[in-house]
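See the structures that follow.
One chain, chain A, links the two complexes that follow: it is found with chain B in the first and with chain C in the second.
On to the complex of A and B.
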């Protein structure tokens, strides 16, 4: 078969492929004309709402009881209250609407038909629901503050409480103390200019949280690192807020599309080990740095009290961005909107590029996004867990720094000229060893370490170019607190090693190496 | 020349590109030259001069770009169609069910553009 000329033969043009299977009728009720195409399947407007509600409940409810279950026979009994992470974006706006209709107003249209009026599922599941919004406008120049719009939006839903935070709270000791965090005994920070990430003393103690935030962000090596750092700060702020408000669950408005974006973008940034946490995670707060309340797992206050944990669930993980947009439009939800995190001169980071790629992919091949998420759900990280990262709070992989040192290609200083080779053979002069400096590296996971150290080959404009960049920048309050506790528990070892033996590394010349192994060499 | 009247709505933040106005009532020509941008293939010069075609959604996209859009065209259109991440509803129905850009517009049609780009 040869290609025809479309100008001469109209039939030579390939027919555009339909985006839906079979007929235009709804695949659910088989009766009404469809209104929306969801991954090749056609649904009418009336079937779309119960379908979306079902997907939402199916993703959330098996995770409500402390013991996650499969086919649930018992009523939903969460161990604490609910915290809804709200960003003002489409996903979290739809999430809030669904939570309100399903668990607050008990909207009949969102209830499963079977089970009767007095079925336990028709009771209130959550005694208290708090909405937490983290305003990030102060991190970027010229970004409008949307707190007022968010307050107005949340006020549409009665009985929901709003808690607002600002991104700089991550550097605010007053906020940290208020939520029961342990204060660090010293003003310690980190030098982000050096790949070794040396821990040092802050030049200015009790820095204004906003200044500390901006100095931290300005010291990050790439736009990708800035985005990643803000996402981490928001996530940990939400987790601590959940703990503080007595929440057992933190739910986020990550849609199927957003989840696919964050999975691919995360893997590209080195968070493959934490790929499971990206979908759902159980966060165990660090009892050493924050006050962790206890609770009775059983009703009637029997048994042993347990330390509270926070389960992070993404109930929209089966609902694509398109479905969210349709829900918001048909439910008349006035989405507040979320600013793009950009600043003059900044190139799009890995997250932005991944988003553009995935959205294009979803438009042409709608099922691929779901395939990404389902494939990632089957991945099992290799290697053992060795503690938690003190920056992001996620599990860190054992021995990752050794591995990284072996595979990384690093620039070395040029070899000494031939004239200096003889000098290199002579014993090294006795000079004072540089003072031992503790590093942040052993406390970080691979992702956070890469975020802080992976540099661009070209100069990168920072969000705040006029800001004076101190050599040592503040760390988030939970990281500083953890470092303090570690230093306390290890005595002075962290700051000044007491070992008599000092290991020193230097690069040897070829002649020097040959002289050492000379007596073992066979003659030619 | 006959015109058709359309109701245009923007949502999900897309209205910010259109002077922050969510709802617009516009009149466009019912018939447009075949040479006008379209999802259909190109025609010869003679045909272009002699023929006209009913206005379709692709024509509307270009019309909106040229007449209503105030800033950042790249956030609205890409490669002759809407940018990925923008949901289009024609009379409350997904435009994928209506033939996307090839849908021939009728008088009093309601076309909605919703951005999904504001994420989670």
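On to the complex of A and C.
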């Protein structure tokens, strides 16, 4: 009988699978011994750098000129400056290094060989590059402030300017005014305790931004909602900062791995309609709530001036997390690091679960992340757009509330035709028609509405349990401003695969059925 | 503390918390909302027309047992005017199908519906036990899945029905959306959230439980005291699907709406036009007349592989292509009977069943 001990019995050990396809030599230069395996292909350290730079340029440069994918034979001419969204994590640290080497120091090793020394491609593309860091430590208890570390990190790269924001700026009227935002005329907020999301007056006007942020986060129903809300706040803060600094492009350090995670996580949160924006996005600022500068589309200042937009690009979208780590390691980049957004008692949200799942799956199926990203790139939104969501600024799909109402009944419907007997036995109590109250719901996309309303089966602890939770909480400044504008303009109250399986049959007893649904049964 | 009243009728004590909405409601309201949501799904998608002959794919498991009950209830309550049948497939797995087929036979009597049981043995000349004896446990899911899909259509053709309804629930569909994204199956991703599928040469097939949570189906069976058999793969669980299923369950625990949110995502995107243009067009199998994306349909290829003792080779795409290219099938090869759509499956002009205004 086998004891299964590999030392005593060599056959007990599973044969180690080769991580690469054919040879140990670099597939590019065919000469040097490889140093890294990128999805079955072996690369040496010297070929790795030009390969990664090529992938970076290939993802970014077709999006630099105002007309994407247009002719770029002469030069790259962006309509404005560049804003780099920096989180302190691995991806954004590598991104910053690449941006600096390719567009500031004009490092020769990152330049394409063809075209000669004086080719216009070798000119500086961006006149000004700003790095924007949003510090989120105030959203979670006990999280260290990394602003100083980030300042030190960015100072390694001369000519790059650093702009720092704090997450609570999203609730700060002073910040909003400073960047040209239109002030909300009334202190309006929303009641997150009720699924109806009624709009109401804030009990305490001019609340401190930090207190407003914490009250907002503490009122959210799930850890998923807290994470999702912070991601949205950071994204919109970066977009407004880009607009304010005259940037035509906002680039983010989302690696191939992070992109796959955010795509699956987005799908799991209902954002299928915005799957395209998850990869690249053209943001049109709301001219009703913020001052949108104009620019001349042509150098000769001819033609009509255009309103500024911000193009969001993820230039690391073809570079996996492992390649980012190799770049950072071999380039000696001291990555600042990012805190995990956790608080006592918090269960992992959809984002965290998706990350764990994808990273685990990638070990057995190394092409998974690339497959996810390539599959999602073949998709487009279906259905009509009904304006933009006032919380996240992304296109909202028409008819989502009707869809939700149709598939899940949440109020008592009229009795069915054949249920007369039951209706006669237990007449429904007369419930007075509630007075009309404005709701935030019609202004939200599916994902944001779900974020604010979808609850866990069990109550979950909030990041700030001791905080007094007002019935009406503040909204981000851009949302409050949009609601004010809407109210003003309306002049009134607002308003199958085939791979099925062979099965084993087992009769289900009442007890067994009960055990499956037990957590949903209320005690007698 | 006074008992909490039902959030819907406000009259009776709540006894359960709905997995789908989190609302605390009473038993009668649960039955009513569960059934009405299925009715909404049926009418919104205009699935049936009065007089349609509809086969319920019945396995004896929870989904199909509840589906038979709900279809019968709704057909009577809303006067759909449907002729309902039960259609079961016997894969030929010794000792495992027998009990569940008993459930189906009991349903036949309870609901007074004609029942047709079609076996793999009858149709293909092979039982799953015999297939597993030849190919082992690996890859047998491919055979079973392909054979079952055709068997349902062929059974429906024998019953001369217009429409097959299956018990695929919201969890199944959400899981399939995730699976298809992760394995890059763009063609299936494009159609897996459709409530109804019908090609030119196939019988209409739909999923009235598309938005029904698996937990609510079990809850319905529990409170209605319907008995069913739980289903578990004994031969070879699809490891990749297992990962997706476990992930979905984790998501559901974290936020129960995740299931419906994934389905919403799947409905809110579509394949880009230029990608669609590169997809293979459907044709009919030259041997058995069933829909196929190649010269030979999957079932014919797999059956030929079994008959020629090279079933392992045809379980892979490459092997199938090789067999496709090799046109020298033995003369005495057993084949699947030629498939013909029932006469009743032709389009008729009757107005579909819609919600009463």
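The rule is simple: the second predicted complex is superposed on the first by the 449 of 524 C-alpha atoms of A that agree within 3 Å, B and C clash if a C-alpha of one lies under 4 Å from a C-alpha of the other, contacts with A are read in each partner's own complex, and residues count from 1 in each chain.
Here, a contact is a pair of C-beta atoms (placed from the backbone, for glycine too) under 8 Å apart; a residue touches a chain by one contact, two chains touch by 3 or more.
Not measured: the values here are computed from a predicted model.
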Discussion item. With both complexes superposed on chain A, which partner does A:378 reach: first (chain B), second (chain C), both or neither?
Written reply: second
Worksheet item: When the two structures are overlaid on chain A, which partner does A:521 contact: first (chain B), second (chain C), both, or neither?
Response: second
Discussion item. Touch test for A:264: chain B only (first), chain C only (second), both, or neither?
Written reply: second
Worksheet entry | Contacts of A:224 with chain B and chain C, given as first, second, both or neither | second
Worksheet item: So, A:35: does it touch chain B (first), chain C (second), both, or neither?
Response: first
Discussion item. For A:76 in the superposed arrangement: first (chain B), second (chain C), both or neither?
Written reply: neither
Practice prompt. Using the superposition described at the top, determine whether chain B or chain C touches more residues of chain A.
Written response: C
Discussion item. So in the superposed three-chain picture, is A:66 touching just chain B, just chain C, both, or none of them (first/second/both/neither)?
Written reply: neither
Response to the item:
Overlap of the chain B and chain C interfaces on chain A comprises residues none
Practice prompt. Would you tell me which residues of chain A are touching chain B in their complex?
Written response: 6-7, 13, 16, 19-20, 24, 33-37, 42, 45, 87-92, 252-255, 257-258, 316, 321-322, 324-326, 328-329, 335, 337-338, 355-356, 359-360, 362-363
Worksheet item: What residues of chain A sit close enough to touch chain C in their complex?
Response: 222-224, 263-264, 266-273, 275, 347-350, 353-354, 357, 361, 365, 368, 371-372, 374-376, 378-383, 397, 400, 403, 406-413, 416-419, 422, 426, 428-429, 431, 446, 450, 454-457, 496-508, 510, 512-514, 516-517, 520-522
Worksheet item: What residues on chain C touch chain A, complex-wise?
Response: 4, 8-12, 14-24, 28-29, 32-33, 35-37, 40-41, 44, 59-62, 76-78, 91, 93, 96-100, 128, 132, 140-142, 144-146, 148-149, 168, 172-173, 176-186, 188-189, 192, 197, 207, 211, 215, 218-219, 221-222, 225, 227-238, 240-241, 243, 247, 250-251, 253-258, 260-262, 264-272, 275, 298
Discussion item. Using the touch definition from the top, list the residues of chain B that touch chain A in their complex.
Written reply: 11-13, 16, 39, 41-44, 84-85, 87, 89, 92-94, 96-97, 100, 102, 112, 114-120
